[in-house]
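Labels A, B, C and D are assigned to the chains in the order they are written; within every chain, residues are numbered from 1.
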Amino acid sequence: MNKIISLEEAVAKVKEGDTVMVGGFLGVGTPEKLIDALVAKGTRDLTLICNDTAFINCGVGKMVVAKLFKKIIASHIGTNKETGRQMLEGETEVELVPQGTLIERIRAGGFGLGGVLTRTGLGTEVAKGKQIVQVDGQDYLLEKPLHADVALLFAQKVDREGNMSFHGATRNFNVYMGSAATTSIVEAREVIREGFMDPDQVVVPGIFVKYIVDGGAL
Amino acid sequence: MMDKQAMQEFIARRVALEFKQGDLVNLGIGLPTLVANFVPAEKEVIFQSENGCIRLGPAPEPQNVDPCITNAGAVPASLLPGGAFIDSAMSFGIIRGGHVDVTVLGALQVAENGDIANYMIPGKMVPGMGGAMDLLSGAKKVIVAMEHTAKGAPKLMKSCDLPLTAIKAVDLIVTEMGVIEVTEVGFLLVERNPEYSIDEIRQNTGAELHISPNLIDMAL
Amino acid sequence: MMDKQAMQEFIARRVALEFKQGDLVNLGIGLPTLVANFVPAEKEVIFQSENGCIRLGPAPEPQNVDPCITNAGAVPASLLPGGAFIDSAMSFGIIRGGHVDVTVLGALQVAENGDIANYMIPGKMVPGMGGAMDLLSGAKKVIVAMEHTAKGAPKLMKSCDLPLTAIKAVDLIVTEMGVIEVTEVGFLLVERNPEYSIDEIRQNTGAELHISPNLIDMAL
Amino acid sequence: MNKIISLEEAVAKVKEGDTVMVGGFLGVGTPEKLIDALVAKGTRDLTLICNDTAFINCGVGKMVVAKLFKKIIASHIGTNKETGRQMLEGETEVELVPQGTLIERIRAGGFGLGGVLTRTGLGTEVAKGKQIVQVDGQDYLLEKPLHADVALLFAQKVDREGNMSFHGATRNFNVYMGSAATTSIVEAREVIREGFMDPDQVVVPGIFVKYIVDGGAL
């Protein structure tokens, strides 16, 4: 199976109205070429699941500026004024999720767990309307799994099988988002075309990767 | 009176004294980040940042900047020898699982029972909680590093009126006026900056301020 | 009549036909492991083993045995190009999360509603469930590969009397007598080994056996 | 901080009555030298948390034969007849846990989660006496977190900081057990004494490792 596709083919996998997970932490470890191509195409009414909305000229922040999202699920939006403006003016719905809860909800979605039991957010607005589960007399918030139609991921290296490895602080959400999405697309700085990655070096196995896009050097 | 920068450095310098040898520490963005500059060289403290770095080091020289190596504020950073890069699930496993010895965070308000508000002002500024809620629920010790007041308005309160980031989470508050423990009976001033009288500190505190019988000058 | 080895190979050969191009497959220990030998070369099937291997390959030559590379039965194995080693949490994330297309397991008993018992005989043999309960609850398709009876005693039953490994989990049963689907109405014989008459198969089945109107000879 | 200690010092960390987690899958990726030293010392009344009990002459199986355990929590004991004998004759208590649930309960213990919500084991003896939690109309079994006094781990390589990396199918339970134990000890085939591991190659960060034992080549 050839998983390597063009940027054009890749963005065609994202449909209007889709829920998309995008890897990255304030733009670090984000598939910038996929994002640029989506902005150019203008695929709208998307729901975003991402750690943050980065900056107006970086990462998913560019998609915010292009008004591609009807809803944003993130832990932090403070570095992108446009997200705050769209939220306060009611243009875009924003659901704030604690960062550790967000990654764990994504992992639960991908790994077949019924939810996440965490003390994070107890007694705050995050807990409103949510089920509390007692374990040995201690309260835990039940946070539900998250799924997406498409995951847009970044890796330092990927082989033709889709095996991913990383450099620096770029692992962040990229490690688990592929498991929680129907279709996952990895933009890698380097696509290994001859041979395969050393199986001891693989961080995310290729079974979580459906398509590969060559991102090239930064 | 100190200027803003001197005040922030003063606070950061005092917070740095709280760390013990071998502590795993997570510093919030802003003032808390400064604390790293004041840890004595002989004390081995491991800085973790929630974006996936363990043994975060100082900012690199411009020619050594690697766009993939940043702190949790997306500022170029370095890793010290023995460091590791991890994913967000493990990063927050460390935080939620109680493996972080100390976290230092800023705050908008702290209540005398340890409640803290630091992630939004409704209708005005809604940056989001990022990793703060997890740090507050998971870290063994929570230190708030902040200016004592916001333009004269008390930030240490009977109860917070802003949305809470966590309940009963704060252990210690370090401001330019002093060091305040959050105890069963409320705020307890344990160290005082000699530049401020106890009355001055009380006037700038929005809840009862107990004075430790062992009150000392702020250690620096 | 086939001998035991021929019977097992016969069953394994038939199971192998169930895989589709690109399937991610987990094979249980024993008879199911044999299935890997009969996947046609042109069909790309990825074998996962729960101990942490993706793209498990054939047993290595003796001189190439690596004690760290084994299948889930601790038998020396190899990894095909493009494979990966993973930890148990990710291995079972794959299994529980529905990423395994097909699992092939043995069974002590299968009930007509898809219940399966294959991990213990109380007071006698209690090996434990290992990864079987997760595979049964997580895999998209569950195939049971087993001999039709245990020394003449039916293993396809109205209901299991041994402790269950999972409820309503089995999709297809392949035995030396035929291929049986688990349907809303119970067992449905869809393929028959011409060596056995329908009556013989019924006599060896402990529950009602419906016969498919499209019954064919067992495909091999 | 020097984390490297002798085998003798290492086994002294395990006290009678302790709960010990031991890495390995049928002996693959198990710290054999630590196990041999514990058997020689004869530290008893331990509770074992391990995927399986390996074989009578391999891995934790040797500890079973030496009757060091009062209780065993594992997913599989069928490869070690002595475990079965001790269980059936009432000498040792055995709690069988589905493998995917076992690793997730350990991770929940180490990662501060209140428990695991899984469909695995519903309708079976595993579910007996356990809380069922409904999420969106679907039943999930609530499985509780696991903790240990000591974790005995294996790695291919470890540096002085305790950063671990692996070869082959030895990651198994070794990746998460350190997080769930008060004290964790890693036996590595190779201890890196000069310099440190490439931070991109670390699988388990050293903060989960308290002590290191040089295991040497197999």
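What we mean here is this: a contact is a pair of C-beta atoms (placed from the backbone, for glycine too) under 8 Å apart; a residue touches a chain by one contact, two chains touch by 3 or more.
Worth saying up front: this structure is predicted, and the values here are computed from it rather than measured.
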Identify the chains adjacent to both subunit C and subunit D in the sense defined at the top.
A
Is the number of contacting C-beta pairs greater for A-C or for A-B?
A-B
Measuring from the mean C-alpha position of subunit B to the mean C-alpha position of subunit D, what distance in angstrom results?
35
Roughly how far is subunit A from subunit B, centre to centre by C-alpha average, rounded to an integer in Å?
29
Subunit B and subunit C have mean C-alpha positions lying a whole-number Å distance apart equal to 56
So which stretches of subunit D touch two or more other chains?
104, 107, 112-113, 118-119, 156, 166-168, 200
Note: subunit C residues in touch with at least two other chains are 85-86, 92, 95-96, 138
What are all the touching pairs of chains?
A-B, A-C, A-D, B-D, C-D
Residues on subunit A engaged by subunit C in the complex (per definition of touch):
1, 107, 110-113, 159-161, 163, 179, 195-197, 199-200, 202, 205-208
For subunit B, which residues count as touching subunit A in their complex?
49-53, 66-70, 72-74, 85-89, 91-92, 95-96, 119, 123, 125-134, 137-138, 163-167
Using the touch rule from the top, collect the residues of subunit A that touch subunit B in their complex.
25-29, 51-52, 74-79, 84, 87-88, 94, 96, 98-101, 103-104, 107, 118-126, 156, 166-176, 203, 218
Mind listing the subunit D positions that touch subunit A in their complex?
104, 108, 112-119, 131, 133, 135-136, 138, 140, 142, 144, 156, 165-168, 200-201
List of subunit C residues in touch with subunit A within their complex:
21-22, 24, 44, 46, 48, 54-55, 79, 81-86, 90, 92-99, 138
